[in-house]
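For reference, chains read A, B, C, D and E in written order, and residue numbers begin at 1 within each chain.
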Amino acid sequence: MNNQYFLRNLIAKPEFGPFVLLALEIAIFTAINPNFLSPQNISNTLAFTVELGLIALAMTLLMTAGEFDLSVGSVFGFAPVLMWTLFNSEIMPLGLAFFVALLVASLIGMANAWFVARLKIPSFLVTLGMLLVVRGTALFVTDGFPQRTWSAGGSFLADILVGSFNIGPFRIYMSLFWFVLAVLVLGYVLNRTKAGNWIQAAGGNPGAARARGVGVEKTKVALFMLSATLAGFSGIISSIRTSAANPNSGTGYELEVIAMVVIGGTALTGGRGTIIGTVLGIFILRTMRNGIIMVGVPGLAYNIFIGAIILGMMALHSWLERRHQAGT
Amino acid sequence: MNNQYFLRNLIAKPEFGPFVLLALEIAIFTAINPNFLSPQNISNTLAFTVELGLIALAMTLLMTAGEFDLSVGSVFGFAPVLMWTLFNSEIMPLGLAFFVALLVASLIGMANAWFVARLKIPSFLVTLGMLLVVRGTALFVTDGFPQRTWSAGGSFLADILVGSFNIGPFRIYMSLFWFVLAVLVLGYVLNRTKAGNWIQAAGGNPGAARARGVGVEKTKVALFMLSATLAGFSGIISSIRTSAANPNSGTGYELEVIAMVVIGGTALTGGRGTIIGTVLGIFILRTMRNGIIMVGVPGLAYNIFIGAIILGMMALHSWLERRHQAGT
Amino acid sequence: MAEELIRMENIGKFYGRVQALKDVNLVVNRREIVGLLGDNGAGKSTLIKVLSGAVPASSGDIYISGRKVKMKSTNDAIANGIETIYQDSALVPQLSIARNLFLGREPTIGPAILGRLDTAKMNEVSRELLKQVGISKNIPPDTPIGMLSGGERQAVAIARAMHFDSELIILDEPTNNLGVAETRGVLNFVRRARDTDHACILIAHNIHHVFQVVDRIVVMRHGQVVADNIDPKVTSVDEVERIITGMEEEALL
Amino acid sequence: MAEELIRMENIGKFYGRVQALKDVNLVVNRREIVGLLGDNGAGKSTLIKVLSGAVPASSGDIYISGRKVKMKSTNDAIANGIETIYQDSALVPQLSIARNLFLGREPTIGPAILGRLDTAKMNEVSRELLKQVGISKNIPPDTPIGMLSGGERQAVAIARAMHFDSELIILDEPTNNLGVAETRGVLNFVRRARDTDHACILIAHNIHHVFQVVDRIVVMRHGQVVADNIDPKVTSVDEVERIITGMEEEALL
Amino acid sequence: AQEKRTFYWVSHGSPADPVWTYFLQGAQQWATDTGNTVNTSFHSGDVPSHQEAIRAAIAAGADGIVTSSPDPGSLVEVAKEANAAKIPIININTPDPTASFDAYVGGDLVVYGKNWAQYLVDKGLVKSGDFVWMPVEVPGATYGVQEEEGIASVFKPLNITWEVTDATLDQAEIITRMSDYLTANRTKVKAIIGLGDLVTGSIKRVFDQVGVKPGEIPVVGWGNSLDTTGEVKEGYVNAAQWQDPQATSYVGLSLASMAKSGIPTGFNVIVGALYEKDTAQIYDDVLKGGQK
């Protein structure tokens, strides 16, 4: 009786669907290629996953507040280019350049927020426009040339951001800790704090929230800034780890990140969001990309699989939801 | 008095904002480069504009019904590839291949609709998944090779779809007539018919519409099919005109098309749509792309300008709206 | 003697883990006006949503004129002659009054779904209906619903039911938000319904309104029917109030 | 003798081309309960939206305690001690009852906006408030608003105003959707408001409810105030109804 | 016979880029000919996912890896990891000498760029003070950047100016944008260098649309597509660069397999040729042979 209640409660959680999907996915890939669960492959998958994951976490909060941000991919590319340009042209030391790059990223977020919150322009158009401006600026200032980077190691900043070490057979990057930290902090903020209540209210019924004196606009400004800053941060981490700062990097990440968030169970229309769901969504999509290469799907068919799996997973998701809603 | 009333009425129209934007844009570009209004440039711009425009018109109806379709770009690329593959491998004559390609396109739309209307999955995810599947399929079946096409002329089909002729100094393509026809038909459907009422109701308050016996799901199925079919049609037109059938054409059109619709004044959230607005939106965006090159902005700064103009226009738009809402 | 129109048997409804209805039985006869009363959350709206196909019942059966029917969607209910006006009035804010009035049953000139809307007729009928329902101000039928006041919206929803009268008309708190004249219009409408051979279920918290028009009162509490044959000509308002709140809550005031 | 709290002078309001308010003057004194009556579309909701900063007036001035104030947003109104409960009750469907009750004024443990919500306290107060407002069923405070019945939602909105009492409390049709017990709870609340030094504006279509609690009645018609000093102890319900509908509409019934 | 091997072929190209279709074809041909498995993937210049794919191959215990380089220096780490895992790793298409690859097969993009510029100068098609237009599909992508580097080394000293413009990877958009640009700058443009296969292959359609006669504006650039071989034959394009795409993949995989069998790969293979009207037919045939 009690057991059954517990089970029903578990199934009722919005995160249950994505959880089942992830488990299924891992089971299938491992069955096809046992190397899929090798420590080496897990370490490999984790490295980039958490970088994209950082953006998805911020996007979860933003989407809960009823907005979304298509410019994250361009900021992901722009921030490291800016940092390395400042450093390479000897305008400032790397540490300072790092902060300047983050500051500029947050200003981009603020500009997005200004258009959305003040001028009431749909965030789709604003961030699409911003995407073009930021990407264009990155190209223009660098003349299209990638920035020189040194390989990681040695520097204090590099150690903190992307230093790696081994735990048993696993190679763990510092970025994993940043990711876990972000999960904890943002999960706490969304679910437990006053700010979290405001975020959900801003997305659920902005009129009602405003009428109660909730700073809906202020909340959105903060979230746009958060999303841009984390996108910049994750771009810098990625650029140091991969020793590449190319004005084109991050192209197309926006859709992938939004898909992660939505697959995790956050409502596309705002009001309801889940950090745990997003974490599951992140792993569902990245595992899929990694697994597809591991099991040897032909390069040109790659997209067919990604697309078909998104559709299949969503169908499963909707079926699970329906079962739960049917009650009894 | 009566005059003032007329003027106020005009300003109150949702299409007024985009109209002013387009007028301004043309004025500015012409001032900088008088060639902008040369017959040759106008003919140039019109050629591709109407192809994209066809998709935007269908998207207007779909978005009014509260959904959108990210897969149009991939169908734009897939339909001509399919047609030429069928023809080149001598499976069927061109005319038949044309209809088969359109049929398959409409089936893709039906699949989208099935996921959205039956499984209640957000159209963002469904059509993103479909985009990948269709694009992947196009790549996979052709092995990535562009299909050989003959250059237009001669064939009956080519004449009907893309035949061109000169009116005075203007070179006009047949596709312009298809576009005008679509504007008239879809404008009539949206504003004057029972179907139009259902479309608006489906987007405005689906629950209410369903309670009145409106076939909300059926309406959406029809619109998804329309959007995919027109995307395929426009892809075929474009492929004959440019004598190229590349599995990748149409990449990124989805965002541009949605931007056209939204700039025209159709609500991103459904319930309110305007075909005339979309026509203005189509010309605003395409004129902008053409004008920027005509006035000679630096090549790599292209995207900065496009993005900045989108943002600037939206700001102006919101200002015009505000003035109107303030009344008096 | 009375001819049975609707019979709901042992209806149960769960929302996830919440039980909103429990073994509910309800009969409505032809030409009968039934008042459905009950405190907030008693299950009134849920019951009529089940009857009109808006939500599926978890258990139980529905019979119309003795024939067992499946209510899988609102279309089933409409096909069976059941017309419902919901509490959270079901209008499309972006559409005009006339278009809302005729939504789903638009008169057209020409071929079916792609036929041109007969706007002239729609506007004319709309004007007439707005007058009947008691809206005193002269509101043009092409005004979008979003520009109306709360009561005006409610009045439009009522006007719609008045026009497309069916065998059974269900009204969930139709007089909320309504002014004096508009309330009169609605009550008159209910009275007329019987005269024109229709049955009607009326839900309202204003017991005085209910007493003015119904033949029989059914009271629900906590998802169950606690009284189903109260005659407003025999029982007093105070007594019905006591039944609604449950005796034990007497102490509250 | 009476101490003036609010003075609205020559308020006008256009929605696009629609004139919703025309030269409206309204005074509310401290510790005064004012009933605002009028038929649908009379402009009542618009007037109090102007007063609470939800829509900007096209013309006119507002004074609070004799000081001219600008109401540019709801925040201005809240800062000036004006609390409003809207007709279309302003709750967030996805959030729980407790979170809705405390929205915008959440008690936290720790630093300001990033402080942890004091859920224990929120739940406790919520339970207490729901009881006070007369909700008989035992609803857990962490139930999402979306799962409540129409009346239960309304009751939550009322409960909120009861807790965060301000100098002036505006209630726009608070008793709509409410059952017997809940309606009693609201009327008691309005009475208590005066005793605890608050002024109150009450809009309701149920004139009987208004008569039970207010000190003074103001009637609007077609965007104008047509009577602003009706004493419910002197004037009869019937007479007020006549003023509301306008004499000329007498003929209607 | 010998046990089946699994190789990973990782491309930084976009599947939208027709030249990569030929690279892919070479890889598939090799798989068919040898009976080995070749797992392929495209990464469109996205460095993190490219690295991840190579690491996935290492984790999967690949018998060999053949990869192009998304950015000079970006594969240093993963190449080391492959070396450590004793998996042969061969670099194709664009050289990256900073990374510890076992061998390189391909051309040198900087040299290609230099050749184009030198061709225009040597044939007297451009002179000091002239302006050259250089459309590219993806501005900022490695291929265009390196080619521009080579071009700059010739043009800069001669005071010839140029502009790179963004044409996108979309056929209709390319034609539209290039036509727009040419309409606006017809008198200014003295020569065109097509920095990618799609843009060079679109020259005929653009010239026809704007009304420029073949040869009126000299064009050089990439030539790995049937469109371009045709353009060279018809005189729209003066000279085009051939990259031996199929051979590059084929030889790269062969080297990897050979290394796996214990024969070290101590040499690089350099491919490519600049062709004109007279030899265009050869490449036309090669490409047509590719398209079954």
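In the analysis below, a contact is a pair of C-beta atoms (placed from the backbone, for glycine too) under 8 Å apart; a residue touches a chain by one contact, two chains touch by 3 or more.
Heads up on the chains, UniProt names are A, B = ABC transporter permease; C, D = Sugar ABC transporter ATP-binding protein.
The model shown is predicted, which means the values in this text are computed figures rather than measured ones.
Using CA-based centroids throughout, the chain positioned farthest away from chain A (ABC transporter permease) is C.
Relative to chain D, the chain whose mean Cα position lies farthest away is E.
C-beta contact counts were set side by side for A-D and B-E; B-E has more. Between the CA-based centres of chain B (ABC transporter permease) and chain E the separation comes to 33 Å, rounded to the whole angstrom. In this assembly, the C-alpha centroid of chain D lies 71 Å from the C-alpha centroid of chain E. In terms of their C-alpha centroids, the spacing between chain B (ABC transporter permease) and chain C amounts to 43 Å. The residues of chain A (ABC transporter permease) that reach two or more other chains are 139, 144, 298, 300, 302-303, listed in rising order. Shown for chain C are the residues in touch with two or more other chains, namely 15.
Multi-chain contact residues of chain E (touching two or more other chains): 15, 24, 139, 164, 166. By the touch criterion given at the top, residues 115, 119-122, 124-126, 128-137, 139-140, 143-144, 255, 258-259, 262-263, 268, 298, 300-308, 310-311, 314-315, 317-319 of chain B (ABC transporter permease) touch chain A (ABC transporter permease) in their complex.
For chain B (ABC transporter permease) in complex with chain E, the touching residues are 33, 35, 40-41, 44-45, 47-48, 51, 139, 143-146, 148, 238, 242-244, 246, 248-253, 289-290, 293-296, 298-300, 302-303. The part of chain D that touches chain A (ABC transporter permease) in the complex is made up of residues 52, 54, 73-75, 78, 84, 86, 90-95, 99, 102-106, 108, 112-117.
Touching chain B (ABC transporter permease) in their complex are the following residues of chain E: 14-16, 18, 20-21, 24-25, 135, 139, 163-166, 168-173, 175-177, 179-181, 183-185, 205, 209-211, 225-227, 290-291. On the chain B (ABC transporter permease) side of its complex with chain C, the touching residues are 188-189, 192-198, 200-201, 203-205, 207-214, 271-272.
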